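Next come two complexes built around subunit A: one with subunit B, the other with subunit C.
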Partner chain A sequence: MTGEWMRTARLYVRLLGAQLRAAAQYKADFLVMIFAAVLSQGVGLIFLAALFARVPHLDGWSFWLVALMYAMVTVAEGIGSLLFEGTWRLAAMVNSGELDYLLVRPYPVALQLMSSAVGFNGLGNLVLGTAMIVVALCYAPLQWSPLQGLILVLLAGSAVVVKLAMNLATNAASFWLQGRNPVVAYAMHQVGELARYPLGIYPVGLRVVLTTVVPFAFTSYYPVSYLADGVDATIGLLTPAVAVACVFIAIWVFRRGLRRYESAGS
Partner chain B sequence: MSSASEPVIRAAGLTKVFRSPDKAPGLSGSLRHLVRPRHTNRAAVNSVDLTIGRGEAVAYVGANGAGKSTTVKLLAGILIPSSGTVRVAGVDPHRDRLVNARQIGVLFGQRSQLWWDLTVRDSLEVLRDLYGVSRTQFTERLDEFDEVLGLGKLLPVVARRLSLGQRMRADLAATFLHGPAIVYLDEPTIGLDIAAKDSVRMFLRQRVAAGTTILMTSHDLRDIEDVCRRLIIIDDGRIIFDGDLGRAKDAYARQRQLSVQVDAPVDLAALRAGLPEAQVEQGASTRELVVVFDRFAHRATEVLDALTRQVDVVDFRLQEPQIEDVVRRVYRGELLVLPPQGVDA
Partner chain C sequence: MRPYLALARASARSVLTYRLTFVFSMFGLIFQLLALLAIWHAVIGAGQVNGLTWPQMKSYLLVAFSCGALVSLYTDFGMAARIQSGMVAVDLTRPIDYQKARLAETVGGVWIELLVAALGWCGVITLLGTIFWPDPVHLLLFVLSLAAVVPLKFLVVYITGLACFWTQNYLGINWARVAVVNLLSGALIPLSFLPSWFGTVAEYLPFAGITSTPALILAGDLHGLAAVRGLLLQVVWALLLWLLARATWATAVRQLTVHGG
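Then we have the complex of A and B:
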């Protein structure tokens, strides 16, 4: 059993490595993408700083805690681009019938898909996001203990998993839509951006949606809420459970979708 | 036929229905479709029964759109049948996808399985890891393939720089790399020049000789004659012929054609009287004759004898029945039912 898991993980790295090798042929791309990522994340940060120059709190949250939420989404996106960028190719692959060969290889289709591309912009996001988290943790008014540190790691990891699972599930909509572009996933990705700010600033209906239907609030707001002992601290503790549920749902949706796959005429 | 060996591929009532949207042209048609979608169902593969024995080499032939690729995808587990069943070496290819993947190889001539931006060697190495082929076996197989496919020169080349023929040879190596027992080849010679086709055919013959079960589609019937012993013809989703290649020729391509050059004009009527079963026609000039005859009704020497009794034959050329003729007639709808197959064929 563990042997099988090891093989799966090793091959994932292998497939991703192949993409890395392939992408290394385009060095200019590499630098431009990292630069673009840092720029777009930086713009958001500048906005955040400008906002807090005017108001001391956002729905009761101080600058460093909001920065922490913001950075968690940045890191999750960075990991998504760097290690799971292939997810975004599903629409094109379903549309053109390129999934054919993946289906005849002895390795899970979803993992072959996710490892089929590397997004170097992720590196920019990851570095910038991590730096922001470190700085924010230093300045934010948090109580620290070893246990708290452990929980932080667990919650942060779960938050990333929620984001990745949502990516997979929303991209799997392409099995039904069959268009060339992942329109649903793009739209949901934009919805996910809302999670960069405290949930309380949104109307109650939207809060419910972001907690249940598309639980992006678990990618940042709820975990930070737990750490800062905010209003929704207990819900924050549920993040790992939500992550597990999201993974199961994503796999289920993907499998259902795969059964609809019809290849292409030629 | 397959009676000698155990079946490895078995399909019963295999059917795949595609649902396509009925859209009136233009924007208004698209909008109307959004409001009230209408669809047409079309069976691309219709109640196909297939039994293929271990080690058989089967040609799967049919006109464009007949359902060949769809059948291959059903057998490979890429598509789920709308109805009917498939078993390949004891497993349901779609349900037991991972088990199935280890025992089959697939090649779609239209589409490469190589990594676009990697060298051929890198692509093969990735596949080696995916299938868990040992390094020694990997080297052995590459050496073996190299003889016919000329892989050596291709290994350091990035896939996107390969010509079509080079790409196909590299793809063939990729398909057979893990030593699959069953291989599906969908148009493995599409777009290749004569030399490249020859090396592909020779390679496939070797694989068949080594015991691989092969099902192959092609529009080039030379491929089929070179590689396969059994012919299956599909038309509009249904199998309309399944039998030995030689037997198909005997049954349907009985017409031989003798082209003769003579030294003086001939009396056609007299000739025709002497060869009642044959068709005797004037050729391009008065010095040329074309005799078409059933090879079971007349022997070629008989026809020649009848000619030489009247005229001096300067030169002649005998044209054997071609598998093309069989298939062409099938496509034209002339041969719809096959004669009953002998039990001990």
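Then we have the complex of A and C:
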């Protein structure tokens, strides 16, 4: 059982490594994408800093805690681009029938798909986002203990998993829509951007949606809330459970979609 | 003039044909508007921040949304694809001006983009109550300023699109441009919130004319002579960028290598 898992993981690294080496051949591309990613995320950070220069709190949250939420989304997106960028290619593959190639190989289709591309912009996100998290953790008014540190790692990891699972599930919608572009996933990605800010600023209906239907609030707000002992503190502990549920739902949706796949004509 | 009109009509028809793609391309903007409205609502409340009240901020954000919707037909991606594939060689043989042709395509889609913007206005006013309206004179200045956004934004997009003659990776260039324009145009946050030296410099750059000028005129923060000056600055920058684009094009085409055929 464990051997099986190890083999699956090792093969994923090999598959992704091939993409990585191929993409790394284009050095200017590599630099441009990283530069663009850092610029995009940096501008968002300047926005936050400029805002908090005039106001002390946003819905009761101080700058460093909001920066922490912002950075968590940045990191999750970075990991998504760097290690699972292929997810976004599903729509084009279903549309062109290219998915056929993946079906005949002895490796899970979803994993082949996810490892089929590399987004170097993710590296920019990852570096900037991690730096932001470290700085924010240093300045944010948090109580520290070894247990707290452990919980932080668990919650942050789960938050990333929630984001990745949502990515896979929403991209799987392409099995039904069959268009060339992953429109549903793109739209949901934009919904996920709302999680960069404290949930309390949104109307109640939207809060409920972001907690249950598309649980993006667990990618940033709820984990940070637990660490800061803020208003939705205890619910933050649910993040790992939500992550597991999201993964199962994503796999289920993907399998249902795959059964529907009928290749392209000709 | 006739070929340009035909291009404008064709570009509008293309948007209407691929309307789903167009609508989804607006999603980023819609959620940005949503997040910014929520943030400023929480921050301003019944008071004011930096001299802006909640109704004024709503006006500002709606104009920012509209300016984001304007000139968003991916003219640059179209150019990039044709430059990279070598198809641009066909464009070069056509007896029309390349720059004017791209402008015509952009202008052709404007009415659809304005329609989307108008829906945003109706939605926000219905859900969040009335926004700040200036007097008729300033309303006219606002309309003129909004109209000036079209050529100005087009030229910024066009000049970055020309970067494809030098690099193969347009996506990265596009992202970088969007980030810079978002910050320096005031689309994310009014320029007065930035550190004063930085904000002052940004006010005189062409990017301010892409959002800040019309938005501040409607929000009543830029009035009288300052509003007229802002409008003039937009026009001057549009003319200068038009010439700059011409010059860039002249150098850029010489970079072009088309392999085989």
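The criterion applied here is as follows: the second predicted complex is superposed on the first by the 266 of 266 C-alpha atoms of A that agree within 3 Å, B and C clash if a C-alpha of one lies under 4 Å from a C-alpha of the other, contacts with A are read in each partner's own complex, and residues count from 1 in each chain.
Methods note: contacts are C-beta pairs under 8 Å (C-beta built on N, C-alpha and C of every residue); 3 or more make two chains touch, one makes a residue touch a chain.
This one's a predicted model, so the numbers in the text were calculated from it and none came from an experiment.
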Touching partner for A:138 - first (subunit B), second (subunit C), both, neither: neither
Subunit B versus subunit C as contact partner of A:106, first or second or both or neither: first
Which superposed partner A:147 touches (first subunit B, second subunit C, both, neither): neither
First (subunit B), second (subunit C), both or neither touched by A:197: second
Subunit B versus subunit C as contact partner of A:58, first or second or both or neither: second
Which partner reaches more residues of subunit A (counting touched residues only), subunit B or subunit C: C
Touched partner set for A:40, first subunit B, second subunit C, both or neither: second
Partner chain(s) touched by A:213 [first = subunit B, second = subunit C, both, neither]: neither
Touch list for subunit B against partner subunit A, complex: 18, 69, 73, 76-80, 97-98, 100-102, 104, 106, 108, 110-111, 113, 115-118, 122-123, 126, 129-131, 158
Complex contacts: residues of subunit A adjacent to subunit C: 26, 28-29, 32-33, 35-37, 39-40, 42-44, 46-47, 50-51, 53-55, 58-59, 121, 179, 181, 183, 186-187, 190-191, 193-194, 196-197, 200-203
Residues of subunit C defined as touching subunit A within the complex: 20-21, 24, 27-28, 30-32, 34-35, 38-39, 41-43, 49-50, 167-169, 171-176, 178-180, 182-183, 188-189, 193-195
Subunit B-touching residues of subunit A, taken from the complex the two chains share: 11, 14-15, 18-19, 21-23, 25, 97-101, 103-107, 259, 261-263, 266
